[in-house]
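Report on the following structure.
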Amino acid sequence: MKTIGLITDFGNKDWYVAEMKLMIRSLCDVEIVDITHEIDEFDIDKAKFLLLQANRIMPEHSVTIAVIDPGVGSDRKSIVLRSGNKYFIGPNNGIFDYITDIKSECFQIKEETFSEVSNTFHGRDIFAPLASKIICGENTDKYITPCECRGKGMKNPTVKDNLIIGQVIYIDKFGNAITNIDHTYYEDIKRGNIIFGEEKIEFVNSYSESSGRSAIFNSSGFLEITSYKGEYSENLKIGEVVQIEVRRHM
Amino acid sequence: MKTIGLITDFGNKDWYVAEMKLMIRSLCDVEIVDITHEIDEFDIDKAKFLLLQANRIMPEHSVTIAVIDPGVGSDRKSIVLRSGNKYFIGPNNGIFDYITDIKSECFQIKEETFSEVSNTFHGRDIFAPLASKIICGENTDKYITPCECRGKGMKNPTVKDNLIIGQVIYIDKFGNAITNIDHTYYEDIKRGNIIFGEEKIEFVNSYSESSGRSAIFNSSGFLEITSYKGEYSENLKIGEVVQIEVRRHM
Amino acid sequence: MKTIGLITDFGNKDWYVAEMKLMIRSLCDVEIVDITHEIDEFDIDKAKFLLLQANRIMPEHSVTIAVIDPGVGSDRKSIVLRSGNKYFIGPNNGIFDYITDIKSECFQIKEETFSEVSNTFHGRDIFAPLASKIICGENTDKYITPCECRGKGMKNPTVKDNLIIGQVIYIDKFGNAITNIDHTYYEDIKRGNIIFGEEKIEFVNSYSESSGRSAIFNSSGFLEITSYKGEYSENLKIGEVVQIEVRRHM
């Protein structure tokens, strides 16, 4: 099934999401999946992580459009990023960082080849038509041209002596703080001391085991600092450090 | 048309809803209807009432998945509840209370028969695949086993002498407080005195008739305390008592 | 593709939207597009503008249902408005003002011809069934009867000497204040002085050019007062005046 995913900061109060969807549907018969439209205004950091999740959950041959675009109408460029058989379209403002790796292919969008382009809504005027062309198999050579991928990748945890030092990269609606420490560190974490801020916290296997702030591997494979029913979700911020004291040879 | 309904507390800020939907769509061609994803975190009481509504509004042969699941990954059990030809899937933590009656059939889910099950996201790993199997007509004997239905049913109003004593079981976004007093009490209520808290309130036939807090039979057949354009919606809470002084033989 | 659009103030916390959708789907195989369900409770002004946008973005032969309806169940009338080949259904309480012009055709809905109509949910009981009948090509003579269109139209800017005086008619989630001054005034505005409240503001071509509150033509063709990343979005209100000092012959 042809699928287009949408990640925007448009919210659900206005008509912008509907306008993009109706544009897509007018061009191509496709399933549209809302990933989210409730990214905080121009929150590039959240967008990065949501695109990482989109890359994991969207089906093969899908297209994901991401519109978190404070620079719309300026000379900022837009790109198509191809990761395996999945395509991602949006402004080249850092949102693609976490899905960029050495296998990614990037294409700059030739905005001038689209007709009737506003300075304020490229989601409707460029990204939606281009996504429709890609997913419905139209030749897109006219609209895009290969370019270098400039995404920085995701910052990996620092491993130093007996320390693994990661950081919070996303906070979800439950107040869970997701870190950049992935499942490859599972054994070290299980046996190590987990220090979050000043606090030593416990490693648990399910949310219900936690009786305060604790650490868990979440459903997308990252170490997550739980909020214990929201009680510990305040004052969390992206970038906050999580430190694991590994007891590898003890 | 095959239909799966979703009731969750996932919110619309993260990717969790999209991930469940994409899992379902990868397994079965089905219409997915969002009932709500904005239940307050782990609000079992709201979930109960929303499942009651789902039982009323979902079509025959549909499946509704409910994920309000603070105990995910613990030893709490999950069930399939069959009510007529409608199926409901979720954790057995009380959310099915109001749709349980003597005709309900229940089945415990054999979680161990699902592969790659996380401790944190059974909506994706168990409920979505099982719903897909049920709705696409796959034999599910392997995945579920009959069990006793333990739901408590909905608490009916107490009728005592000339009093009908009900309580608020749901508060909607308009601030209307829905009670457990249903349409079978219509005649008594129309002619009786309605006491809400300390206040005697008027019975009205439409929202526009009300010039303050009043009582109305709502579109799902329950007596509802209106909020008069939100003015009276504060301090309402689930469990609050509504008392009808019946004037049956006067 | 058959399309029904929905504009309501139901929010996404309750089951009301799902109930309307399931009613529609039970009657007609149609694509349903959520325009918004998050209009503030009974905000007729926002509804007017959203219907104007719906008229622009909805496809030919579509139906849009608008349920912002404080008077439901009273003697307020409901109408079908036909604008070109697009149909709009809802209460006749002013929400259709901006899509009413001399070409509009209006039809009063004969509510008594619908069966099982509640006093509280005409969206489900009347508008959804009628929309389904219209979009699936059923004869609707029985349900509606021609009537005069009473919508007031959109108030145009006042042009007086060297002044164009408009006003804010919508504020979007980014805090942008959209005015009733449309693209026909482009040349005057580009060369004139734009006064918003007490403040002279700059005209820009893209959001990223603005370094404070400024004015821009937005993606729907109206002059919009930008909020500069939300910083200037407070205290904005519908009805606020925007004044353009035109320098036509200077």
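Here are some notes:
For reference, chains read A, B and C in written order, and residue numbers begin at 1 within each chain.
Just so it is clear, a residue touches a chain if its C-beta (ideal position, glycine included) is under 8 Å from a C-beta of that chain, and two chains touch if they have at least 3 such contacts.
The UniProt protein names, listed by chain, are A, B, C = S-adenosyl-l-methionine hydroxide adenosyltransferase.
These numbers come from a predicted model, not from an experiment.
Rotation relating chain B to chain C, from a C-alpha superposition: 120°, rounded in steps of 5.
At the chain A-chain C interface, residue numbers used by both copies make up under half of all numbers present, so the two copies contact each other through mostly different positions. Measuring from the averaged C-alpha position of chain A to that of chain C gives a distance of 33 Å. Taken residue by residue, chain A touches two or more other chains at 12, whereas all remaining positions touch fewer. Of all residues in chain B, those touching chain C in their complex are 1, 3, 5, 12, 31, 33-39, 50, 53-54, 57-59, 172-174, 205-209, 216-219, 229-230.
Across the complex, chain A is touched by residues 10-19, 21-22, 25-26, 29, 41-42, 70-74, 76, 118-121, 124-125 of chain B.
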